[in-house]
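These are the structures in question, set out in turn.
You will see two complexes here that share subunit A, one where it goes with subunit B and one where it goes with subunit C.
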Partner chain A sequence: MDSTPVKHTFFSPARIWAIATNTLLELFRLKVFYFLLIFALLLIGSSAFMIDFNFQEQFQLLKDVSLGAMSIFTWLLSVLATAMLLPKDIEDRTLYTILAKPVPRFEYLIGKLLGILLLLLVSTLVMSALFVAALYGRQQFVISETIRTSAGMPAAQLQEIIRGVRTSTFTFSLIPCIAIIYIKAALFAALTLFISTFASSWIFTIMVSVACYFIGHLQGIARDYWLGSATTGPLARIFLALVALIFPDLQLFNLVDDIVAGNSVPLLLFGKTAALGGLYTFIYLLAAYFVFASKEL
Partner chain B sequence: MTDLAQQTPETLRPLGQRGWFRFTTVAALLLLFGAVRLPIETRLTQEYRSAFFHGAKLNLGLRQQIGQAGFLAALGGFRALVADGLWIEAHVDWTRTEWGKMLFLFNNVTALQPRNIMFWEMSAWHMAYNASAAAIQDTRQPRLALRLKHQHEYFLIGKDFLERGIQNNPDRYNLYESLANVLRDKLKDHCAAAIEYGKAAQFPDAPAYEVRFAAYELSYCPGHERGAYNELVRLYRLGQKEWLPTLFSRLKYLQETLNIPHSQRIIIPENQLPHHH
Partner chain C sequence: MSAISIRNLTKVYPIPFRRERITAVRNLSLDVEPGQVYGLLGPNGSGKSTTMKVVLGLVFPSAGSTCIFGRDSREVESREEVGFLPENPYFYKFLTGQETLHFYGKICGLRGAKLRERASELLALVGLEHARDRRLGGYSKGMLQRIGLAQALIQQPRLLVLDEPTAGVDPAGSREIRDLILDFKKRGITVLLCSHLLSQVQEICDRVGILHKGALIREGRLDELISIENQTEIILENVNPEVLAQVHSFLSQSGGRILAQRKPQTTLENFFLEVTADSKK
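This part shows the complex of A and B:
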């Protein structure tokens, strides 16, 4: 048996990975994935509304409902699951067990956040698979109905209609659409983690995080007024400046509404937005570390 | 570990010297990050607006019309879902032929999702084709003149939807084509229809028939017979793919109207002309 003592390193991806997978397992045990059943029911239930609509409307409604639900569920999951992480670890005293070992606090935080990000990734992928299956099922139904009701139609015209159905079902822009939902949820997980490092309870964390969500969607308006309007008073300008500087601009990550309406996002622009999302996540993690590093436990 | 020695439950405690330092550091970090990202976000917002994103105008007028909850949901990034809810409501109103309420809902839906072509097209179609047909058949209104007036008003509402739709979607051909259809079929303004088909034809992804339709409509436009004739001849020379009954019919009409010398005329086979029942 090798008796050489294992040298302790300042930064260990293996330790972070162990914390991340444990976090993911804990969340699995909390049965957080039950919400996927609600998502599936929502997809099936929304079909009931679609009988009387034409195929364009059917696809539009299905995409709007599915992507809207994905957006809500991933956001809720990121806030609720993250808000409970630290309080639960303190309550179970798991936190003390981990930090009693030579695990730096930043590794603990990174591990926890990574666990949440993995959870969000799995959720997003499963929801995407359900969404694609529902969309494909609807597409096949529409095609078979078209063939059934088009007896006597020239073959070329029928092919053209079927091609129209196919192109209005799956578009390339659905990929950045789903990716941006994940990026926004990741940003919120980091923000919620930061809030939870100084919050007195998980309810406080959730309340503040939800407030940040709504303020974040108005941040762009505050910024435009602050930078553009000279008519507002000095106090109002200070207030607008603080809102613009402190809160994230969530409108930049709110692309779903426009993409499902048929807009396509340029790849470079999407890349910049994704990079900004990554930067937000990093900065909130850093802020969380500053608070957590000297927190009395 | 020293932290463990001082285990105390997490409560709201007044900030000590370390606490203030911590608070200041984090606040400075967030403000600094805010200052760094400010120009980046301003530029990104402009780029998104140039790419026709975030065009919905969520103002107080809309808030009054869709209610507080709907407005909050729209602000929170769920515009599409709110618009769908209103669209389903409008569909139910259609089955009850409540045209006024449909118009109110269509205005809200298109304000929430101005980049959705389908909403503009369907709103215009309901108004210019369905509501106008209902207006002319309205048995509650005995005076034909008023029924015709109402019908014409619905044509104009449909046209207005498409014009507003084009303002929000100038980068797509679809609404130009729909506007041309309304101008041709309902308002009988063939000169304007020719212009709109022509605009639609300029888009690289537009169907080939847009050019054809623009020429056909121009042939009905008084004072533009010569231009229409030249365009139809050009189409004819593109080959058999373009030798359609309407093309021959319009060519025949223009050749006679313009008194084109027989030696220069295109010979039009009678069996290629549209059948009139």
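This part shows the complex of A and C:
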């Protein structure tokens, strides 16, 4: 056997990939994907409430429920799965054995985050597939019902109705909508990873991350209110600027609601929101590295 | 070049929300030469683990420096030559023995056939071939220690740092680990060993350092440290009482004195292993 020792390189995508796939395998074997069953049940359950609606309302309800659930589930998964990664490795001392190898700390963090992003990607794709299947099933049901109840209707008129059903079901804008859900979850994974680098326990990490979620959603409203008031002093303005810098304005990610409501979202706005999500993910990862690099284990 | 070189190492931990500080290691200097088995001893809280962690770059020195084969421990490259087994390691319970070695091999830059060969070789070395496809969650304490040793050796390091490698392991497992360490020594691997099992340290270490309250209070070759200079031990076999009486008489005439006369004893460990081996037959 070749006994030549492997020379260390400053940056190794292969090392990062090894840590990322190991993280994904860990979460997979912890059976975190079971939550997808809840998602599937939710989709089936929501059909029970659709009997009295017309087809546009049925599709709207299905999209509301599915994309809303997808948004919450991916966010929850990103926070819960990330919060335990670092504390668990420290508590079990597996982190010692990894960092005692020639692995730079930034590669360890990138690997862990990449593992979570892969998990979120797989989950989002599976949920999207379930969502599309449910939507397609509902579409076929509506079409067959329309044909059954439209006996004697002129063929051209029937075709027009069916075309209307089809265009109400799938729209191109569902793709950026799902992408925004994923980017928001990725941002929270990076934020949670950053919190876990200095938090004393995973419960604390989860609590702070959830608090950030609410701050992120409310800061836009608070900023509009305070900055609109003539009595707001310079200190309050500085405070608001700081909050706006540290926490992303999650109202911007409410594009999802607009898309579900049927409003068209310009590609540029989608691009800006995606870039903002990517930028915050990078900033939180960088902040996590600065804390973790000097952390004594 | 020393395998490990520690110069004037001091490590101070601040206590959060207080002005107090704890000095875990104070002004420690020592060298571990290549090929040696070095025992770092001391009571709990004496600074052994902190010293190891500084050597491995897991914590940072407040003053002084540590080097591995001439490279500063703070450089990631210094860990190319090190394998580490922490006290009571858990590893990833969801991985099998083989997957564990593959994971550690990959982060050391090993790939493909070379990695698979190395993993198989190490599983054979630590006697875990039969459990290669079993998840670590189902491993006994002794098996975990052995897979820990295997992962420490995956990139063929020249230095092994072992923190209490036999903690919680039964006597037979403990003996196996001891034999493995002696085997590493034969292969020229330097070993830094922390252990409370002084009898085991005495059996395998060439040199020891004793830490107490963060300071090195004794250091040197083991045989020099523990030998009693003005006494000589003679073990006799098949000697009848008359000859023994003559020896006593001769010694007393020459000014010497027999301090103790007893039947040589085996160690409790040997006795235990013998008895349990018999009962297994």
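Of note:
Methods note: the second predicted complex is superposed on the first by the 280 of 297 C-alpha atoms of A that agree within 3 Å, B and C clash if a C-alpha of one lies under 4 Å from a C-alpha of the other, contacts with A are read in each partner's own complex, and residues count from 1 in each chain.
Assume contacts are C-beta pairs under 8 Å (C-beta built on N, C-alpha and C of every residue); 3 or more make two chains touch, one makes a residue touch a chain.
Keep in mind that what you see is a predicted model, and the values were worked out from it rather than measured.
Of the two partner chains placed around the shared chain by superposition, subunit C is the only one that A:Ala14 touches, whereas subunit B remains out of contact. Looking at the shared chain after the overlay, A:Leu25 reaches subunit C, while subunit B stays out of its contact range.
Of the two partner chains placed by superposition, only subunit B is touched by A:Asn263; subunit C is not.
In the superposition on chain A, contact of A:Ile195 is made with neither subunit B nor subunit C. The partner of subunit A that touches more of its residues, comparing subunit B with subunit C, is B. Of the two partner chains placed by superposition, A:Val208 touches none, neither subunit B nor subunit C.
By the touch criterion defined above, A:Ile98 reaches subunit C but does not reach subunit B.
By the touch criterion stated above, A:Ile180 is placed in contact with neither subunit B nor subunit C. By the touch criterion defined above, A:Glu57 lies against subunit B but remains apart from subunit C after alignment on the C-alpha atoms of chain A.
On subunit A, the patch touched by subunit B and the patch touched by subunit C overlap at residues 96, 99-100, 294, 296-297. Here subunit B touches subunit A in the complex through residues 1, 3-4, 6-8, 10-12, 18, 22, 25-26, 29-31, 33-35, 37-38, 40-42, 44-45, 47-48, 51-56, 72, 75-81, 83-84, 87-88, 91, 113, 115-118, 122, 172, going by the rule given at the top.
Across the complex, subunit C is touched by residues 1-3, 5-9, 12, 14-15, 18-19, 22, 25-26, 29-30, 92-94, 96-104, 294, 296-297 of subunit A. If you check the complex, the residues on subunit C that touch subunit A are 13, 53, 56-60, 76-77, 79-92, 94-95, 103-104, 106-111, 114, 117-118, 121, 148, 151-152, 155-156, 161. Across the complex, subunit B is touched by residues 49, 52-53, 56-57, 60-61, 64-65, 67-68, 71-72, 90, 96, 99-100, 200, 213-214, 217-218, 220, 223, 227, 244-246, 249-252, 254-258, 260-263, 265-266, 269, 272-273, 276, 279, 283, 286-287, 290-291, 294, 296-297 of subunit A.
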